[in-house]
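Got a structure for you, written out below as structure tokens; questions coming shortly.
All chains are identified by letter, namely A, B, C and D, in their written order; residue positions are counted from 1 within each chain.
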Amino acid sequence: MIELQDLISPTDYDPMINWILLLLGIPLLSFISSLFIKKNAPIWSTFLLLVNTGIAIFMAFSFWYGDSVSIKGVWFTLGDTVMSYSFYLDRLALLMIALVNLISFLVHVFSMEYMKSDRNKPRYFAYLGLFTFSMLGIVLFHNLLLMFIFWELVGFTSYLLIGFWFEKKTASLAANKAFIMNRIGDAGMLTGLMILFAQFSTFDLEAVKALMIFSEIEDGNWVAHFTNNGQEVMNSLDGRWLSAAGIALFCGAVGKSAQFPLQVWLPDAMEGPTPVSALIHAATMVAAGVFLLARVFVLLDAQALEVVAIVGAITAFMAAIAALSQFDIKKVLAYSTISQLGYMVMAIGVGAYSAGLFHLVTHAFFKAGLFLCAGIIIHQLHKLHSDEIKFNEQDIRVMGGLRLKMPVTFLCFLICSLALAGLPGFSGFLSKDAILLNATAWAEIKGGGYYIVIGLAYASVILTAIYIFRLVFLVFTRGFRLESILNKPGLMDKVKEGNLILLIPAILLAVGSISIVFGANVKAENTWFMQFITNPIYLVPESYAAFSLVDLSEATIKSLHGWVAIVSISLAVGGLVISYFLYRPISKKALIFQDAPEPRGALGRISFNHWYQDVLYEKAIVKFIVIKGKALAWFDEKILDGFVNGLAKTQVVLAHIVRWFDKYIIDGFVHLTVSTSGRIGQATRSIQSGNVQTYILSAMILLILLLLWLMI
Amino acid sequence: MIQGILSYIIFLPLIAAAVVLCLPKRLESSYRIVTVVATGLTLLLTIIAVYSFDGGIAENINSEENLQLLEKSEWFSLDLGSLGSFSVDYFLAVDGISIPMLLLASIVLFIGAISSWNIRQKKKGYFALYLLLSGSVLGCFVALDFFLFYLFFEFMLLPMYFLIGIWGGPRKEYAAIKFFIYTLIGSILILIVMIGLYNSVYDPVRTGAEIGVTSIEQVQTMVQSGEVAREDIIKSFNMIYMADQANYIPGSLLSQMSGGEIIGKSARWIAFLALLIGFAIKLPSFPFHTWLPDAHVEAPTPISVVLAGILLKIGGYGLIRTAFSFFPDSAFHYSWMIGFFGVFSILYGALNALAQKDIKKLIAYSSVSHMGFVLLGLAAMTVEGISGAIYQMFSHGLITSMLFLIAGVLYDRTQDRLIENYGGLANRLPRFTIVVGIAFFASLGLPGFSGFIAELMVFLGAFKSSAVIGAIPQWMPVVATIGLILGAGYYLWTLQRMFMGKYWVKKAEWTERLKDLNSREYLMLVPLAVLVFWFGIFPDTLMSLINSSVEGFTDLLNQAIR
Amino acid sequence: MKEQSNIVDGLGEKLSEIAGDLFYLGPEVTLAITIILVLVYDLLFKDKKEVGIFSIGFVGLVFALVISSFINAGTPFGGMFSLNMWNLTIKFLLILGGVLMLIMASRDQKNINRFGKSGELMIASLTVIMGASLMSSSTNLLMIYVAIELTSIGSYILTGIVRGRKRSEAALKYVLFGGVSSAIMIYGMSWLYGFTGTLNISDPTFFSGLSNVPILPLSIALVMTIGGFLFKLSAFPLHIWSPDVYQAAPTPVVALFSFVPKVAAIALLIQFVGAINTIDFDWQLWLGIVAIASMTVGNFSALWQKNAKRMMAYSSIAHAGFLLVGVIAFSESGNLALLFYAAVYLLMNYGAFLLISYFEKQTGSANINKLRGIGLDVPWLGVLVVIVMIALTGLPPTAGFNAKLLIFSSIWESWQGSGAQVLLWVFIIGLLNTVVALFYYLRIPYYLFFKRPEKEIDKAKLTSIDIVWGTIFVIPLLVLFFKSDWLVDFLNNINFVL
Amino acid sequence: MMPVDHLLILGAGLFVIGFIVVTTRKNAIAVLIGIELMLNAANINLVVFSRFDPDFLQGQVFALFVITVAAAETAVALAIVLKVYRHFKTADLDKISELRG
């Protein structure tokens, strides 16, 4: 029998807490201070972030080999239940804080140039600070409730940043969409919290995990045995709630990490400034979902994991398709992000815990890099704008041949693309290979229909290569299409390479996408990452647990190893080749691309409109809810409230009441009393005909009636 | 000083009202000062009271040892000859359930007084009535004698009626009458139960004195075994006694043992339902809510602030204090229904809010939705649920006051409340927009604001309920989460339509009238915002007060159910 | 020869006995003397008689009031009357009602003239009071009849004497209606006499006689008799005359009607049901239905009235119903509640009529529409009106609430005791009636405050004394809410004789 | 002598007739007469019943009282009728119905 209070009792002082508070405090400081110091906000907050990054990296290195630290305390008490908070620093957390801080810092730097001309700079940097703060919160806290809180805060900051240019209607709408989609996910996650709390009456993850070990399935019920302050507790729920808990928590991830069916917000989120897209919608926030899944991984039972895997695969495939035909450079990257997140989620689903996280890290680098490069291009092209020259600088149809004018950007973009496509020698290859390996093994074990799942995964490998190189070819090779569109020759010469403040972050990220960083090795599991961050073991009761990961990693992987790698590489290369033949410099498509219309043909349309998911939601759900609201309002005003108007009318004419009464029966009681009071009033009055004899007669009759009543 | 502080809290506004009435007309400008000072002092006293309050002691809710700042003196006692007699006490005290409400009330009243600053017409009447209202509202939360409680409860109606009816908007008369009639129906139901109750409950202490027995337990056993003569039994309006089933006269209709019946149904069930409806009208819960939108839309800003900020809470407080305490068994019997109405109100209110054009109506319906959480929490009958209900009342009081003040700010400038008549206000009123943002996000339950904590507790409690005492099924809280999504929906939509996008207003002349917040408005809004933050981040400041009482309360419920 | 002497000294005893018993009727005697004085004064002087008549009447009433509080219980005149502390208190209230009526009348020059022009008005009102106070204590059918007729005839005169087309019509209706109902009552009484062979209802033979009569004739006789009482009480179904009369008669007189005969009739009913309590005629059910009907009919009809006085007539019908509730409860607490209710009802009803008379003075009519916006010119008056109306509705913080609370508590108790369904219904319907009552009681404040006067009509000013008197009438309503034990203790020093 | 019940039936008949007169006749005076009839019906009863308490004869006393009081009442009533006639120029009750509602 395990004692709850031992698990959540406050730990005594640990110097680590100072580091943590510092880590959280600095971004918060940058948020608040930036609002007040108007002028130097950018440089000031960038500096703060630099400091924070320094601390983070220092911590990462100094505590890496130590064993994980956990610090607990009491937040508030609810009845006799203690709502504790707890920090937890393991390697994953260290890695994440370093990653978040680093990318956040780079984005800060990038933004200093990118947002130079915006008069709302302070607000922008304040938001960035707030975002970093809440993101670190998710990473550092090891308590589902507090994670949920920062989780929502992250969503809130992303709302603010997407809607940063709120004068643009599209921006504000996109912001709403993002927040509400996240809210839907969060509602699900909240349900998960309810279930776990009802069972374990604590949110502390360590405690929950410990208690989960001691919970078991007794004739279909999921029972948790433990003692609380000495007295024994036996919380019991229907067994299905166990799977429900896992799926509910996953809902949160679905919202944040833009998984099917809630992923629609991410492409719209590109309305925000490009650096924001790089930071939030590529590297960190959207990865939070995966991080959460990793944290609660051991609490998910077989069913939940299956759902996770399938959803991930579907997302990866759908988004990859969608990315094929977009014209907006950021949209392409957005869909690619969704697709890659799909990979990670699927990885968690198939039990490839460490592989998924590995991909999270690598992806953070190359995707952020891609976004920053895109940012540079957009920024530079924007400079061409003048009174007679107007064009959409995000539309790849106007680009082309930029490699000559901005070679550095091109190089970075290329490296990151290769990483994304998963070609050997680049980080993407390692992580993706690991995932595919595990996935295949998983399918091997489960067999049957599960091959479709990994089929989707493999399909999206090739698709990825196609769409990313389409981008590379169309943007950087051949001639500058804008010239021919506006027929202004020599416009090309006006295009300049971005300055260093823009380039340095991009370069750094590009460097981070080369596989050397993770160890000069073609085998994923030999990288330091996979060495250090290893798969945990399941804690859920046996009968609900998924197959153990040990045999997964050991037995099958060995056998599969060689050819999974070969297949994935060849698929990636194949994709490259295909897109080369489609968009290569001298291909027809590439030439006439400038006036390429929206794609026709079923597949094309599906791809371009992202499977018409948005349309569906717009038409079906949103409309439905709004109409329902209107209907209810009508009901409320007209019917439920009808009686009062009835009251008003009774003063005027009786007839009205009768009509009203017949018309609005639903409103029942009150209306009834009022109208009938009117009726009775009239009736009783009508005796007062004024003729005394009628008085006498009626009086007598009534008297006799009363008498009869008595007799009967 | 501490002793009798509650009396000061109640009577200060009343005295101030008298002062206002006495001041000559040429000192008109001083009325508002008097009002603000009086309410300010009340707030000060309340804070002192809260400081002196010790959250630690309250094992079982139904004995007077757990009350603090207790003031009890016989008010009057009527001797009904051989049928015994009944006594009405002037009985004020606070426990963990009433202290947050008291605090909330005096905060909101103070804010309301400030926002009454620019009342133009018939100042004397207005401020006098406002102070009367304040007195009775505060009294409602500290009175523990049913008679006294009912006095305050009823007495609130009149000032409210005139405040809405004279200083209100275009359809004020209609709204005022509607408000009055609706609430009166409720309070008649309460009165019926009250008569039934005091005829079934006796005062063990006085009865003991009558028959010369000191220990309460002994008196109770003697009465239950019928050793005490009818004329020695002293009936009582004391709510604390009413909450102890041993204080019910054997054979009396509402006594649990005798199980009296009215037309075939258990009398206790019927009494409970009567109380439930009576307070559900005040709360208001579907389908008794239709007075609320009109009352809010027509009432002047300060009055809607008080109405939404405090008066609604009396509904919830009354349910806890009376219905649930006196008839726990019936409460359990009807918990499913209560929970259902809670969930229904949550969704119903939210969907209605989604369709409103008038921002005040929108806020009103959001109140309906939020009060649904109170019902849900109460129905759960778990510690988390009930704490959540109380917390929700408290935080909603602060947040909704903020929202109505915001609506007032806009209305003061343009005399127009229609959402569609504004656009992109953020460009012109950045600071106002920030405040609005805070209020809206607080209201839609963003973590870091008090609303989130409250709703979280309710959810946890409601989900646990079925496992712990089997009150309401798990699907209720799960369905209720949809309310969160809808909440986000209508608030963000409003925000987007009114504040985002290009600046645009219906009438050109509004533009120069649309100035950003002035210092007085800051004075009202900033403290509220700060409080909302504070209670979102440090729940313990409130929980430490209410915890033990709530535990006592739930113990009471559980004993009754077993 | 012998018998002769017997008879003589027997007569002597009788005379001395009568002289002794006369003391018990102190108040009535005083009133009778006052009436004579007024008559004489009226004959002696030609004009400028206002002051004289008023003062005589006033002094007489006050004197009667004082005396009434010095009488102790007993059954004078061989059981013609039975005086106990309870109906002595009622008597006190009745005479008090007379006094207040005069005060109210003195607030309005027009009324002063009416009273002063000739003694009739004063005499008639004194007669009414005298008859009422006899009624309240008489236990003999003959005495009851005489007392009721005394009251009725006085009332007819009061209604008809002041000239005016409406008034004469009202008076005619009143007299005809009253004649018929009294005829019915007599007929009923004659049967009761036939059944029992005695006129004295407190006599045991009366009860024993009734208890072996078949139900049908018994109920017919009783219903007819009680019908006569209900006429005085203006309770359903014999309430129909009252609106016309109230609308027509001068306001102070209406105030008198609305209180004195009603309460007297209630006292009578208490005596009577006490006498017939346990016979198999279920009077509780019957009166219960009557009470419910009166409350409902009164309140609902009042919803529609445009004229304040007519509205008050219906309200008084409703209140008759509430008073009946106290009778039905038929318990000590019920009687106590009745006393309390009567006292409070005296205050609030007179208050209401006083204020209405002020408005009449200002606007020249009791039409509610004329009251638009007055409350804003004379806020204090408005406040008083609000208080009175709230009291009549029966909401805190006014004594009206305590009165309702007590009376309904008593009915609840006796329901708990007997479990007769009708009592429960009386309880519930009675309380729900309060909501309906609010509709029309609030209409007056509503017009006073919320409505704007459509055109400025020149209003007669109220003197500050008016306001003071209004306050004096109204403030007790508040005081007695907060210290209702004062009143109760005063009423409580009564050893109940039931 | 006549048996009791005949007399009682006579009384009852008289009462009914009186009531019919009251409710049907349009003239106020006629109505008054009707009332008188009803009263006398009662009187008959009283006198008849008073045979059964020979020592007191309360019934007969009662009857006497009724007669006197009725006289007084009628006097007042007639005065009022005159008053009405002055205003309405008629004693027809159907025409005298201005107060209503």
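Couple of notes before you dig in:
The rule we apply is simple: a contact is a pair of C-beta atoms (placed from the backbone, for glycine too) under 8 Å apart; a residue touches a chain by one contact, two chains touch by 3 or more.
Since we're looking at a predicted model, the values are computed, not measured.
Nearest to the common centre of all protein CA atoms is the CA centroid of chain B. Ranking C-D and A-D by contacting C-beta pairs places C-D first. Once the centre of each chain is set as its mean CA position, subunit B and subunit D turn out to be 65 Å apart. Averaged C-alpha coordinates give centres for subunit C and subunit D that are 26 Å from one another.
Subunit A and subunit D have Cα centroids separated by 96 Å. With centres set at the average Cα position, the gap from subunit B to subunit C is 43 Å.
Listed for subunit B are residues 177, 185, each touching two or more other chains. Residues of subunit C found to touch two or more other chains are 172-173, 176, 180, 243-244, 304, 435, 439. With touch defined as above, residues shared between interfaces to two or more other chains in subunit D number as follows: 19, 22, 31, 93, 96-101. Contact between chains, per the stated criterion, is found for A-B, A-C, A-D, B-C, C-D.
Residues of subunit D that touch subunit C in their complex: 8, 11, 15, 18-19, 22, 28, 31-32, 35, 38-39, 41-43, 45-46, 48-50, 52-53, 58-59, 61-62, 65-66, 69, 72-73, 76-77, 79-81, 83-84, 86-88, 93, 96-101. In the complex of the two chains, the subunit A residues touching subunit D come out as 685, 688-693, 696-697, 700. Within the complex formed with subunit A, the residues of subunit B that make contact are 174, 177-178, 182, 185, 287, 290, 293-294, 348, 351-356, 383-384, 387, 424, 426-427, 441, 446-448, 452, 456-457, 459-460, 463-464, 467, 474, 477-478, 481-482, 484-486, 488-489, 492-493, 496, 499-502, 538-540, 543-544, 547, 550-551, 554. Residues of subunit A touching subunit B in their complex: 75-81, 83, 145, 148-150, 152-153, 156, 163, 166-169, 171-173, 175-176, 179-180, 183-184, 186-188, 190-191, 193-195, 197-198, 235-237, 241, 625-626, 628-630, 632-633, 636, 640-641, 644, 647-648, 670.
Note for the complex: subunit A touches subunit C at residues 673, 677-678, 680-682, 684-685, 687-688, 690, 692, 695-696, 698-699, 702-703, 706-707, 709-711.
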